[in-house]
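Here come two complexes built around chain A, the first alongside chain B, the second alongside chain C.
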Partner chain A sequence: MSSPILRLVAQRVLLGLVLLLAVSVLIFAGTQILPGDVAQAILGQSATPEALANLREQLGLNDPAWLRYVHWLWGILHGDFGTAQSSGLDIATSISTRLKNTLFLAACAAIVAVPLAIILGLIAVRYRNGFVDKLISGLALASTSFPEFFIGYVLIFVFAVHWQIFPSISTVDDSTPFLERLQAVVLPATALTLVVLAHMMRMTRAAILNVMQSAYIETAELKGLKPFDIIRKHAFPNAIAPVVNVVMLNLAYLIVGVVVVEVIFVYPGMGQYLVDHVAKRDVPVVQAVGLIFAAVYITLNIVADIAAIVANPRLRHPK
Partner chain B sequence: MVDTKANSGKLLDIRNLRIEAMVYPPGEAPKTITLVHDVSLTLEKGKVLGLIGESGAGKSTIGLSSMAYGRGGVRITGGEVILNGRDILKAGPKGVRALRGREVCYVAQSAAAAFNPAHKLIDQVVEAAMLHGTATRAEAEKRAVALFKKLSLPNPETIGERYPHQVSGGQLQRVMTAMALCSEPDLIVFDEPTTALDVTTQIDVLAAIKDAIRDTHVAALYITHDLAVVAQVSDEIMVLRHGRLVEWGGTRQIIKEPRQEYTNALVSVHEIEHKEQQPGTTPFLSVKNVTAAYGGGHVKVLKNVSVDIYPAQTLAVVGESGSGKSTLARAITGLLPPAEGTVTFDGRPLANRLADRPKEDLRQLQMIYQMADVAMNPRQTVGTIIGRPLEFYFGMRGRERDKRVAELLDEIEMGKGFVDRYPAELSGGQKQRVCIARSLAAKPKLIICDEVTSALDPLVAHGILKLLLDLQQHEKVAYLFITHDLATVKSIADSIAVMYRGEVVRYGSKSKVLTPPFDAYTDLLLSSVPEMEIGWLEKAIKGRRMESAGN
Partner chain C sequence: MSNELDYLSRRVAAGKLSRRDFLGRAAALGVTATFANSLLSRAVRAAGPVKGGTLKAGLQGGESTNSLDPATFLSQVPFAFGKCWGETLVELAPGGGVEYLIAEEIGSSKDAKTWTMKIRKGVQFHNGKEVTPDDVVATLKRHSDEKSKSGALGVLKSIDTIKADGGNVVVTLKDPNADMPYLMADYHLIIQPNGGMDKPDAGIGTGPYKITVNQPGVKHGGERFANYWQADKYGHADQVEIVVVNDPTARMAALQGGQVNMINRVEPKIVDLVKRLPGVTIRAASGRGFYPFNMFCDTAPFDNNDLRMALKLAMDREEMLTKILRGYGEVGNDMPVNKAYPLFAGDFEQRKFDPEKAAAAYKKSGHSGSILLRTSDVAFPGAVDAAQLYQQSCAKAGIKIEIKREPGDGYWTEVWNKQPFSLSYWGGRPTQDQMYSTAYLSTADWNDTRWKRPDFDKMVLTARGELDEAKRKKIYRDMGEIMRDEGGLIVPFFNQFVDATGKGVEGWVDNPAQELSNGHALIECWLQA
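What follows is the complex of A and B.
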């Protein structure tokens, strides 16, 4: 490992931080231009003008916007996301359990979906344009095309109602033991897997097919390698960069895009938390969750970038 | 090696081979064409057979059939390929895999593309030997290092630890030869192994391949379009054309006493008589002390270059890849503004940057490129392509333009029928002719020809050179002719500039530059051009005064 790689990686990380800062400005500005007054929202229509003025003073709403932004950012950097207006609870504490739940569900789905998608992609390439390839592509596309709530209800109907092997409601709390927790997320994780599978599989297939045109694939063929070994050993290593990119995008989706599935299975994750508080116009919570989601996206994309850099032998081993 | 049945030393016996492919011509229904028509050949153990012909002759296709392999949509539809006493066309996928990389190995034209960029060289070199169980990893690596030594690669112990991009093209070609030899096959198919290399590098690789073949007693099919090259390594030569056998005989007979007219044409292709013109009194274009660099001045690719071009004459710029030939063209055209020095045209300095030059200056300097097919818009017809400069520079429209296009097509000997054709419907030589017509349409004083014949078959290239010389006479156009091929230089140049690592090392009239005494580099360059003479290679290697830059 020499300096060019380190420099490129440092560049990406720095760029990510700048991007995150820019996103925080956007989120803050965006919630500022929303109509409505926070003090009014807290105290209700019947509040006296004095009480409103007092509360505004108390919440610092009379400060200029940039000062409030700095306060807000300063607090976040110290782990303080403020308190939820609707419930008065500390946002950081509520989020930490819910983020844990969301990450657990996402991890369960990812552990199944990513290897499965890549292996299916490899198999599709091996039997390209044949029956197996078309079957894999067809099923994967079909599973993606169904809306996730439909898949969710079908799973509930088959596995929870008809066969009764898994619970239909995936409510968990801090005291739930690991195995029970795992059992609880089987159905939502399956639904998520079916949703993200096709995208990753198709991308793997396309990226490898692209590499299969290269002259070095012919070299491998003329060495007498088996078709699957050629794909695994000679094509896949050169297709890592695009595959990692699409995998990371899907992982990000698993974390920030699971609102519908969480609602269907009544799973206490970030998505449900966000939806609840959007409905209640709870601006601090929306800001906090928005920022966390942005951070997840940016981090995963940096990871994809870095993986692509490290996977490139020209950068790893300069002349 | 696998079996030594009593088959009289015959290793490969191809009988009545017939190979077909599906083609998809633009605007027509797909159809089957026959690439190889009933070709038969035999090869004895330890012998080298050269397969020679122009592109489309079926050389590579026949070569690959010895591994039961068809590239793309190519199918072997008839005949027998008997290797070590059995017909491998009937072997089935498993049987075919067992012989590939074991009994027959392949060396590709571009080793740079044929090595997997993601793996170390040594892993790729030993892969086949380990796959077929002919050696353990340690044995195979030992064998590989010995082969690297034999092929005179630098640092044979450690070069395998490198990745393909860390090794030069000439070295990669030798590593690929080592890879083929590593599994100790009975037969190696060399598919134009030196065509992509510089002439000074080619000679080293050729010598290394020849030594390796001699020392390992492997048999070889050596595929090339260069008869002078194949004459150095082959015992026998087979001349092919349009997938049919033209002539097959001993090397000496083919090059000294060819029996077929086509073979004769191949043997004598390089000779065009071109009488050198004396330089006029004043050059119309002068390059004075030009220095140019890439990467914000960090990588100097041209150092203090000065050359003159006289009206209706040809200045040839020769040198190996990376010597700055094309960069000189880029500096003259303003694509790469010179950092120092000036380019004078008709007595006045040209603006350094392309964007600062008036249309009239742009018109006077035109370019033709090596890859004619990527230099044209595939979705425009020949008429549109040639008509474009007429519209752009002269504002010609309608019938006037069409008339001029027809005249230009006539000048490049292609006739009116081509006006509505698309580039994909033309042959390589025809495409290059259209590019020539397009540059002529601007009525320039100078055409810069960047390796315009390098991608063409010798006979086609010959036609292009003749055309260029004729056009020079009629149109009084000057050429800056960039090439690495010295035979071409002799045929077309009036004066020559030899470039080496960004500098002009020798410059003057053709007769002066090509007359001894030579400087070391020009000597190397001249002595590296293969001559159609048996034993030339050994003589040339012995007489060399310096190593090529490729090492």
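What follows is the complex of A and C.
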């Protein structure tokens, strides 16, 4: 390993940090232009002017926006996300449980979805344009085309209401034993798998097919290698970069984009937590969650970039 | 015949006959299923509650932002959970009037300004302490503090002094108020040790269940409090649990799959389908909540009573009720109160859809051009459809309505009580006085129809201080009449609370005050094996 790779990687990481800072400004600006204010949102329709004024004062909403932003950023740099304005709970503590749940669900879905998508992609390439290829693509596209709430409802109807083998409510907490937790996430993880499967499968197929046009594949074929060996040994390693890219995108989606599935299965993850606090204009929480989501996206993208760099022989072995 | 049915229903209650067989016998005897079912539930109730088990509710209206501080209660889940772990001085009884809890009795001076509440002895908090008049005083003081953020602040504004006096708490009011006991039934006013001054969200009350689980927006749970003071009446299940299920379809699925025993907010459009499911019982209770079309009486063109009348006459209330609520409600009569209120006179003439009279009134008003109506999904379920239906019925009277669909986000801050013609909802109040005082006094913050009439204000105040019920009823009748004919309120219907219970849930009592039997469902129902 030599310096160009390290330099590239360092560049990516640095770029990521700058991006994160920019995102934090965007998030803050976004929360400022929402109509209404926190005090009004907390008290809702039953807000009296006295209660409103008191709450505003107490929450420090009378400070200018930039000052609140600087205070907040300073806190984050010291590992302090602050307290939720609406409930007065420590944000870092509330988030950690939720984040764990979200990561658990995402991991369960990913463990099934990623290998499945890649294997199906490989099979589709092996039997390209044949019946098997069309069947795999058709089914995967169909499952992606259905909105996730529809898939969720169908799963609930079949497995929770009709057969009653899995619970429709996936509420878990810290005291839930591992096996029960696993049972609770079966349905939401299945729904998520069906949603992300096609994208990864199609990209794998396309990336490998692209490589399959190359001259060295033809050579391998003429050498008399078995079709699966060609794909596995010669085509796939060279298609890794785009595949990793799309896998990372989908992993990020599994973490940040699953609020609908969370609501349907009543799973206590980050999505619902964010939505509740957006509705209450709870700026510190919205920003903290937004920042974590941004960090997830940026990190996964850096990983994809680095994987692409490392997988590229020209970068690995510079002249 | 009825003897035989009575006998059979008791057999069911005793577990010697299946419900299905009973209904079969009842049908054979020519009795409708509804009547047979009501007979059955009466028998089951008479046989007495069954202790034990875990009663679970899947409810809409819980957020991860909820706190256990009763002053902050706003949505359904904290409300219902509060009834499990806490108690107020009095409660709204299902048939009107009050049920005495921590207050044993409440009496007033002749001028209805000084009220003495006798505090029940031997009621214990979950921390083992006994409730004292001082705890009650502290609670009321905390909620009536101008600095407090309590949802009960508005209700308690009229209080002048609060004092403990031996075993009593004496409250004096700034103005006479014959409805003072009803004020104490506000669900925020859960009595806490030292009024919750030390730790408002400690979650220690005198209710039948002690808090064991509190995960806001996810799950709440409690176990039976051994020293609860009226264990024969409330707290039959060993444990209660509330799971927050905000998605209506998921809620229904959880009930069907047996993961919860009861749910709230069944959507009217699916009620007819749900009714046919085995084991599921729909619990619909008429309430005091209504969905108004609000006009500002002081803003053109609505400052013209002929135009207001035209818009009222152009409302097809029957159609609205069938199409928006699927019949789960009662038609309104353009006043904010209905027969679910105490002292309501039942002899008002019902306003009907009359396009011809509406057209005449519209012509008389001299208005021309279209009228802008603002609506949003959050105003009430089906509010956008309701606006469109109204647009069509107005068109029949030659009145042109233009609909503006506003975003749900910010509707309560930017549109309701700000724009001259919009849709909204009111949950109703326990008494006519509270309803009128909250929204139809010149000085009310929430005067969302800009109804400013000194003569009307005077009537509200006179009625409030009047202890003679007949005289009060007469004043309320006159007020209703004025409201109906001149007010800025179009009320298509009063809604019902539509909840549902699963297999084996017994002991349900319909209560017009709030959904889920005024939040009591978890503490008053039991599981029949």
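Please note the rule applied: the second predicted complex is superposed on the first by the 286 of 319 C-alpha atoms of A that agree within 3 Å, B and C clash if a C-alpha of one lies under 4 Å from a C-alpha of the other, contacts with A are read in each partner's own complex, and residues count from 1 in each chain.
What we mean here is this: a residue touches a chain if its C-beta (ideal position, glycine included) is under 8 Å from a C-beta of that chain, and two chains touch if they have at least 3 such contacts.
Keep in mind the model is a prediction, meaning the values are calculated, not measured.
Of the two partner chains placed by the overlay, only chain C lies in contact with A:171; chain B stays clear of it. In the superposition on chain A, A:223 makes contact with chain B only, while chain C stays out of contact range.
By the touch criterion stated above, A:198 is placed in contact with neither chain B nor chain C.
In the superposition on chain A, contact of A:87 is made with chain C only, not with chain B.
In the superposition on chain A, A:264 makes contact with chain C only, while chain B stays out of contact range.
Of the two partner chains placed around the shared chain by superposition, chain C is the only one that A:276 touches, whereas chain B remains out of contact.
Looking at the superposed arrangement, the partner reaching more residues of chain A, out of chain B and chain C, is C. Of the two partner chains placed around the shared chain by superposition, chain C is the only one that A:48 touches, whereas chain B remains out of contact.
By the touch criterion stated above, chain B contacts chain A in their complex at residues 67, 69, 71, 96-102, 105-106, 108, 110, 113-119, 124, 127-128, 131-132, 162-163, 165-166. Looking at the complex, you find that chain A touches chain B at residues 214-216, 218-226, 234, 237-238, 313-314, 317, 319.
Of all residues in chain C, those touching chain A in their complex are 58, 63-67, 72, 74, 146-151, 153-154, 201, 213, 215-219, 243-247, 249-250, 253-254, 256-260, 409-410, 412-414, 416, 445.
In the complex of the two chains, the chain A residues touching chain C come out as 34-36, 40-46, 48-51, 54-55, 84, 86-88, 94, 153, 156-157, 160-161, 164, 167-169, 171, 173, 263-266, 268, 272-273, 276-277, 279-280, 282.
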